[in-house]
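To keep things simple, chains are lettered A, B, C and D as they appear, and every chain counts its residues starting from 1.
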Amino acid sequence: MSLLDMAYGGPSLWAPEWLPRLPQRVVEMLLQHYDTPEWLVSLAGFAVAAATVVAVFLSAFALLSLIERKTLARIQNRLGPNRAGWFGILQPVADGIKMLTKEDIVPAKAEWFLHLAAPVLIVVPAMLALGVIPYGREWVPVRLELGLLFFFAVGTLTEMAVFMAGWASGSKFPMLGAMRAISQMVSYELPLILSALGVIMVTGSLSLPDIVAKQEGLHWNVLTPWGLSAALVFFIASIAEANRCPFDLPEGESEIVAGHMTEYSGFKYALFFMGEYLGLFAISGLFITLFLGGWQAPLPGLTVIPTWLWFFAKLVVVIFSHLWIRGTFPRVRIDQLMRFAWLCLIPMALLTIPAAGIWVLIGGGLLGWLVTVPLLLIPWVVLTTIHNRRLAPQTRTYTFAD
Amino acid sequence: MTAPDRNSMDRESPDSHAGELPSQSGEAGFTALQSESPDSLASLLARLHDALPQAGVTLRTNPGPAAQHSLLVEPTHLTEVCRFLRDTPDMAFDFLSNVTGVDWPDPAKADTVAVPAEGEANASASGFLEVIYHLYSTTRRVGPLVLRARTADRGDNAKIPSLVAIYRSAEFQEREIFDLFGVEFTGHPDLRRILMWDEFTDHPMRKDYVAPDDYEYEPTPHDAVLEKAKRHDPSQQ
Amino acid sequence: MRISGKWRGHPARRLGSGQDARATARWSMPGLGLFKGLAVTARNMIQSYYRKDRMTTVQYPEERAPISPNFRNFPFLCYDGDDPVAGLRCTACSICEKECPPQCIYIVLDRDENGKSLKRPKVFDIDISVCMNCGICAEVCPFDSIYMDGQYEMSTTDRFGGLLLGLDRLAKSADYHMQLRPLEASEVAARRKAEEDKKRAAQAAKEAKAKADKQAKEKAAAEAPAATIGKGEPA
Amino acid sequence: MISDLSRFSLSSSSSAAPVLDDDQLLHVSLGPQHPSTHGVFRVNVALDGETVVSLKPVFGYLHRNHEKIAENATYLSSMPYTDRLDYICPLSNNWAYANAVEKLAGIEVPERAQYMRVILAELTRLINHTAFAGFILGDMGAWGSALMYAFRERELILDLFEDLTGARMMANFMRFGGCRNDLPAGWANKVSELVNGYGAFLDEMEDLLIGNEILLARTRDIGALPKDVLINGGITGPMLRAAGVNYDIRKVEPYGIYQRFDFRIPLGGTGDCYDRIMIRFLEMRESLKILRQALDQLPEGPFVHPKAKIRNFKPPVGEAYARVEGPKGELGFHLLSDGSANPYRYRVRPPSFINLTLLEDMCLGLDLADVVVILGSIDIVLGEVDR
């Protein structure tokens, strides 16, 4: 028997499925071999699992920073970075070296400790949130019964960190950015959580692995009317939570230079970027988990591919749509942003909850569709049209004088 | 001259469309804008004399091919004249396009460019600063009506009343002339330097302005400049 | 003033050729404009992989965009023949120096020991850190001497000296000009040749005349032996 | 229900901004190093929350006293400097200056040169409005896409300029009495090709921009002022026409040969930032029309008046004010000649500069984010503002 078989109790499981957990198991086995106390074994196991997640997502961050630039470049008919290494593959390394070697400037009026702590506090919650997401059938860094709650709880820490950064910089643009960030994040947290409620109702669990398990066999939540509606709300709110275009007001560079990051330089600045990208991974990961079936393969025949690869494939798709949106849309204004949250997203998120309830009550099927589709579609059309009418005039007239 | 009304297009009416609106002023549309001939300028002048006899507006002829003749207005009556030109319905000079400042250290030269009529008094003995306004009428589509106003001298009395209250477009242009020529526009709401920095003291567009030689040393093929730079920057000697 | 047309419609509707649209959509899908925008960017992204007019980047050191024959950069001085000193067309007349807007040309006339003008520059400097490539020097030159170069890779590590071009770097042969701007150069060459021919013809005529005079003089001298020596050939 | 909830709005665009004590306001200096001030422009804004309470523009960071330089240079020597006024559209500036000098000295321009000038000026208008569409999206936070598409097409026109004038931007092409050189062989055909293909690009840009709900939301009802205020404030160009004022110098005072072409002046209704964008798009369509006609009618003949002087040009004593419809508005040159080789006084009437007169009026009571959009919709170039 191979080491793997010994570790996982039989050849029935396909080895690559276990690959991400291999370091953890190896460390645990080694420690058990030397009669280490049980608590130390599990502690070391957690440490290694965490290290795996950190390593994976830090390299993903580096890769994404390159991919984002390449994709945006292509959208804009440019080539993107292609000088550092083959296809620009070493660009993240070059960026990293640049960021590390740059002078760290702290403004004279800054609260130096908070100024230092803010970038760290941006990264840590994103990392914590990444810890509860099930990446594969067997790859769940931390199996928490209240995983979803934990995710949202640590997510709110980001707001504090952003405000800390803005306030501690002792400067005006960061302050404006921080105030924007707080109002935006608080407003969009609501639709984010409310739209997840339907999933919790249907699953009956706050545990993320359970939510994924419930969606097996293409019973993805997004393929139900209430799920689609909730997914839409969640996706839009997640863009705002991740401070991405078109909701990137806190760092709206054409208005307030770089918002809360204006007074940062060097590695602290890089940490903000890292936090932002990790946050994007986390929120996209949660989106996949809640609505896109998590690590589930779309078709039964495709299960030969390891589940964690499925997860990352979906992650690529979700993140690409973020990039695509960034390459297309202008930024909204703060009052429009707020109005959209309170008058469109939150009512819709609230409506998905009874819709999910009705869906469960009826048990899906054609009747479920017939009842819930109008229940959701009509409010969507009405709300967005009202919103659109407020934003966009119905007609415009231009005359031509000879 | 018929005055086409720019506001008269009924844009909101759903029935109006191409070709149905009456053309307001004949086939040509409107009088093409041209510099007013001395005759019509003279009639305008006559009306000005009638309406504002105290203003002392005189005609100045432009000897060049452009033939844009101008009206010289006493600075003390400039605002009245402009208000009259703007508010009289069949004049309607509602658009102040351009404000130019000119420095005339030699007053005789000023009279070669804007020639006074026979027998009229020539410019004062001392040099002066001149402000030239180009007025247009967007409704009547005529112009430019050139107005000139001259200060008493180039020193403390270089004052001309501001036109900002009548033509908002003069706001930045008057600030610019104040900055670069040193004409004080009395009544300007916010008369500060605009292009030069606040601490700057001289008026660079005046003819007798001497540029400071406090620029950085830089090798150049021009020996004179080089020498000057070397004199100024001892480290290069 | 006549109103000749009217565009009336929902903004999400394309203006088209600017022709008058009268149809008005009562309701248009919210977000339709956003989706149209997404379609445009997606099309651009995909087409950037195979359409040359979408991906116009020229990767500079490896590839270079073709330079138009009219392209102008810094001036150069044209000389005929092989010798950049003797063949220089410039006569140091200083017209370009006077007309140069940023005053970046510096000319010193070459004189012999008697102070007589040699009609050539002793110093001809162009400070290309000041030059703004306007081409007025080439335009005003009456001697077909100064032309605009197409050379644009002029970067140097020497901030001052490297950007001050003297005669040694400015003088370029007429062949170079012909290569750079065949149209202009051949026109100039033809004109110069015609002038040269004219000059030569005039000179030949003059010489013939001188010869005839000489012969006449010789004839006269034969008759009167104490004649002065005839004037030498013109230079 | 919706209108009841409008009190959630953080923007007090509907109500007058409350006037607070100065120390309760947030004073922000936008610029001169700011991503969306279009150069080294600076505005000092006093904010109540994010609402603009006062706004003071600060100029002069790019001031080089262009007018003084021109007074010390010959008439011809100022021509390349006019390229650097509004460096997005140098050929319009060239024309405006040549126009003024021709008026001053009474110089005739031959037929072919007139057509060449119209073609170049309308191509310049295309460049300016195309780039504008990119910039305004940039000001709204969509960095890149629209701007890159705009610049991609702008490059094609700049290639044509390079073929003709020798430089992509600093053209220095117009001369008093014509143009510097004739069209190279095949140039007119290349322009025709470009003009024929440009409509497709405009369609694409319109798809990307004009229906975009976010853009609509950001630009609608922003920065509109009454017509008479705009005229009184000296606002010209697309900004004025977006408010519905039918005033285009190409029609009002047809300089060059504009009276020969069949084109229309698009007029907006409200004059908000959205109308300003649309008017520019419609103007580009009309420019294409003018270009097609000019290319069809382009006659043979001299490209410069045979008696035009290049060296030792001295206009007679007098003065002239001439203006053209530049892409950004009325671009005027006022020249005073004392008969010498240098102008006695050389004055530029820069449209970007005077269009900024009403910036504060447009921005008061709006958000900081709107200031950026309004500034973008005015379409300024600092080379011209600061001169």
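To be clear about the criterion, a contact is a pair of C-beta atoms (placed from the backbone, for glycine too) under 8 Å apart; a residue touches a chain by one contact, two chains touch by 3 or more.
Worth saying up front: this structure is predicted, and the values here are computed from it rather than measured.
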item	value
Closest chain to global C-alpha mean, per-chain Cα centroids	D
Pair of chains joined by more contacts [C-beta pairs], A-C or B-D	B-D
Distance from chain D to chain B - Cα centre to Cα centre, in angstrom	22
Inter-centroid spacing, chain C versus chain A (mean Cα positions, whole Å)	58
Cα-centroid distance, chain A relative to chain D, in whole angstrom	43
For chain C paired with chain D, centre-to-centre distance based on mean C-alpha positions, whole Å	29
Junction residues of chain B, two or more chains touched	6, 9, 11, 29-30
Chain C residues counted as touching two or more neighbouring chains	1-7, 10-12, 20, 30-31, 33-34, 37, 40-41, 44, 54, 56
For chain A, residues contacting two or more additional chains	75-78, 327-329, 388, 392-393, 396-402
Interface residues, chain A side, partner chain D - complex	72, 75-78, 172-173, 175-176, 180, 183, 245-246, 248-249, 252-257, 327-336, 338-339, 342-343, 386, 388, 390-393, 396-402
Footprint of chain C on chain A - complex, ascending	71, 74-79, 82, 324-325, 327-329, 381, 384-385, 387-388, 392-402
Residues of chain B touching chain D in the complex	6-7, 9, 11, 29-30, 32-34, 62-66, 68, 94-98, 100-103, 109, 112-114, 132, 134, 138, 141, 143-144, 146, 167-173, 180, 193-197, 204-205, 209
Chain C partner contacts - residues on chain D that touch it in the complex	73-74, 76-81, 145, 149, 152, 155, 159, 162-167, 170, 172, 180-181, 184, 199, 203-204, 206-216, 246, 264, 266, 274, 278, 281-282, 285-286, 310-311
Chain D residues within the chain B interface of the complex	59-60, 63, 65, 67-68, 103-106, 227-229, 231-235, 244-247, 251-254, 267, 269, 315-323, 330, 332, 334, 336-338, 344-345, 347, 349, 353-354, 356-358, 386-387
